[in-house]
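A, B, C and D are the chain letters, set down in written order, and residue numbers restart from 1 in every chain.
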Amino acid sequence: MTAPPLTTSRWFNTKTPLDLPALAGRVVAVYAFQMLCPGCVANALPQAQRLREAFAETDLAVIGLHTVFEHHEANTPAALEAFLHEYRIRFPVGIDAPDPNGGPIPQTMAAYALQGTPSLLLFDRQGRLVHKLFGHPPDLTLGAAVQALVQSGAVAAPAASAEAEDGCADGVCAAPVG
Amino acid sequence: MTAPPLTTSRWFNTKTPLDLPALAGRVVAVYAFQMLCPGCVANALPQAQRLREAFAETDLAVIGLHTVFEHHEANTPAALEAFLHEYRIRFPVGIDAPDPNGGPIPQTMAAYALQGTPSLLLFDRQGRLVHKLFGHPPDLTLGAAVQALVQSGAVAAPAASAEAEDGCADGVCAAPVG
Amino acid sequence: MTAPPLTTSRWFNTKTPLDLPALAGRVVAVYAFQMLCPGCVANALPQAQRLREAFAETDLAVIGLHTVFEHHEANTPAALEAFLHEYRIRFPVGIDAPDPNGGPIPQTMAAYALQGTPSLLLFDRQGRLVHKLFGHPPDLTLGAAVQALVQSGAVAAPAASAEAEDGCADGVCAAPVG
Amino acid sequence: MTAPPLTTSRWFNTKTPLDLPALAGRVVAVYAFQMLCPGCVANALPQAQRLREAFAETDLAVIGLHTVFEHHEANTPAALEAFLHEYRIRFPVGIDAPDPNGGPIPQTMAAYALQGTPSLLLFDRQGRLVHKLFGHPPDLTLGAAVQALVQSGAVAAPAASAEAEDGCADGVCAAPVG
């Protein structure tokens, strides 16, 4: 199955817009987040930064995807830019393109049927989606999963740390079921 | 010395605007913060929530003050409202009124000569400023300092956890020196 | 009511054996612990060290009491001495005197009817027991409670963080009910 | 090179004594620790427990090795047994055999020239020592390193979190240089 594209409206920390085909040959970790999601700020984004440090750029691409599905008036591009600056996030971050029909769920989030934020998508070197989880995995299982993909194949998915619930609770924010 | 007023443009989590005279008779803890300041989110605001739980409402007022001195375009009232909702902050939060001359430092922050965020102001039951610190104090010394004021008098100020530095570092954000 | 004495068999970090009458005039915090109790090591003893730093020696005495009620063969005085050295515990620590009838519960632990470890005993300046709790309190409420005693009187007891359960669980170790 | 044997005097949590040849075919993680070493208790042993959960028993053996090089009078087998019980450590733990010449450093610790505790030894499926480090690695790099060995080969060693120092400091305990 071909993975849906990352449909984005703007990028930070990269000179050119990114998408999966351009990253082919590398393992790709996409962290879907919202800047006002407490679990994203406290857990997922720090993990993304540790992941960036733990693997070589040539083996692994770490990417943030701002999948705004609530508080759209607060989660503006200008606010995101300030957030990335204050939290010293240096890896590329794209803004998930808004629904052209005016719905709350942005396009990439809908295409991947993400339940909320944070969510993690892991792609192998061929650009195939291998793991999708809501929440964030333990570092040990994530390190193992990424290493397995770096060496080539796929392993059993790390267990998610969160289940979908209504609204924001326990550090994750669940999207409304469409 | 009379403490400068809290000059604010808007309040959340309270039906009526607050100021020190209206709170006279109670000890008052004012947490100056910015919603994009990492140390405010990780340390000072959780401490404010613990402080709210630890003392009676009749003895202690806990108040947030959004002292925006950078990223004004991101730190809008709408963004703050979403932030307070997501982080479940229930105590009253006021927005420090912008400088009428267009400078970056808001009025209350300037009147108290705060070095940056987070900062803590503690007032006694008579509305006098007793402690001012940049950063956040250890819970033990804060509990002792508030208790001393609740019982009436004042004790030696708890040590600050941060010194002024340029920009944001180590979880605090320093304002430009005027 | 007169507080029972601290009946001890040996002391560390003090030249002379301690007891409540000798400490009269100061607030006294006694941390009952066992060196193999996980919650004592992770939570209560670090709190005791922070408490030691937060208040003046002339106002507050912080004391450890090794109340061994299980694994007596492992919790020897030599083992305790090594433990105190490795964990850099500098405040006075006494060994609760064993039951002369050979039971598992040491004498001071029995006299105060402690449920297990860690437990905290707070005495006022007159040597009266004011608070007794199983587990450890939040730093904020502890700071307030000690400050209230330092200034003279007593306040409502801080809530305990643990309830008695059988055996060791969730970081506390419950003693067998006599 | 052939890895030195694990020379032990007693085992817990296993019916039969263990050594590397008996574990051939599996990746082996050996955590050298002392029960009174703060960094072992706070960091390395919890990591060992997480590691045990993250990989299958058929792929990875996780083993503790009690390498007592100080406080021998406190670190007795009876004390270790109580420690393992209280900290709920379920994986096999061996006691490194004392120096027959009466020196402080036990035999396996000497054979591997370990600098202190905690230390981690990682062996591949052929029983060859692949990584040796003093301190404990980040979970992400450890997960990756173990996964690489589980899949067969070896990767660059994860960076150690500690350098040898004199005595116990910053959570690690350095052995005297022979």
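To be clear about the criterion, a residue touches a chain if its C-beta (ideal position, glycine included) is under 8 Å from a C-beta of that chain, and two chains touch if they have at least 3 such contacts.
Which chain is which protein? Per UniProt: A, B, C, D = Alkyl hydroperoxide reductase.
Computed from a predicted structure; not experimentally measured.
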item: Neighbouring chains common to chain A (Alkyl hydroperoxide reductase) and chain B (Alkyl hydroperoxide reductase), by label; value: none
item: Equivalent-chain rotation between chain D (Alkyl hydroperoxide reductase) and chain A (Alkyl hydroperoxide reductase), CA atoms, steps of 5 degrees; value: 180
item: Residue-number overlap at the chain B (Alkyl hydroperoxide reductase)/chain C (Alkyl hydroperoxide reductase) interface, same or different (half cut); value: same
item: Rounded Å distance between chain B (Alkyl hydroperoxide reductase) and chain C (Alkyl hydroperoxide reductase), as computed from the means of their C-alpha atoms; value: 36
item: Averaged-CA centre spacing for the pair chain D (Alkyl hydroperoxide reductase) and chain B (Alkyl hydroperoxide reductase), given as whole angstrom; value: 48
item: Chain B (Alkyl hydroperoxide reductase) residues counted as touching two or more neighbouring chains; value: none
item: Contact graph of the chains (line, ring, star, complete, other); value: ring
item: Chains that touch, pairwise; value: A-B, A-D, B-C, C-D
item: Chain B (Alkyl hydroperoxide reductase)-touching residues of chain A (Alkyl hydroperoxide reductase), taken from the complex the two chains share; value: 36-38, 41-42, 70-71, 73-76, 78-79, 81-83, 85-87, 168, 173
item: Residues on chain A (Alkyl hydroperoxide reductase) engaged by chain D (Alkyl hydroperoxide reductase) in the complex (per definition of touch); value: 50-51, 54-55, 138-148, 150-151, 155
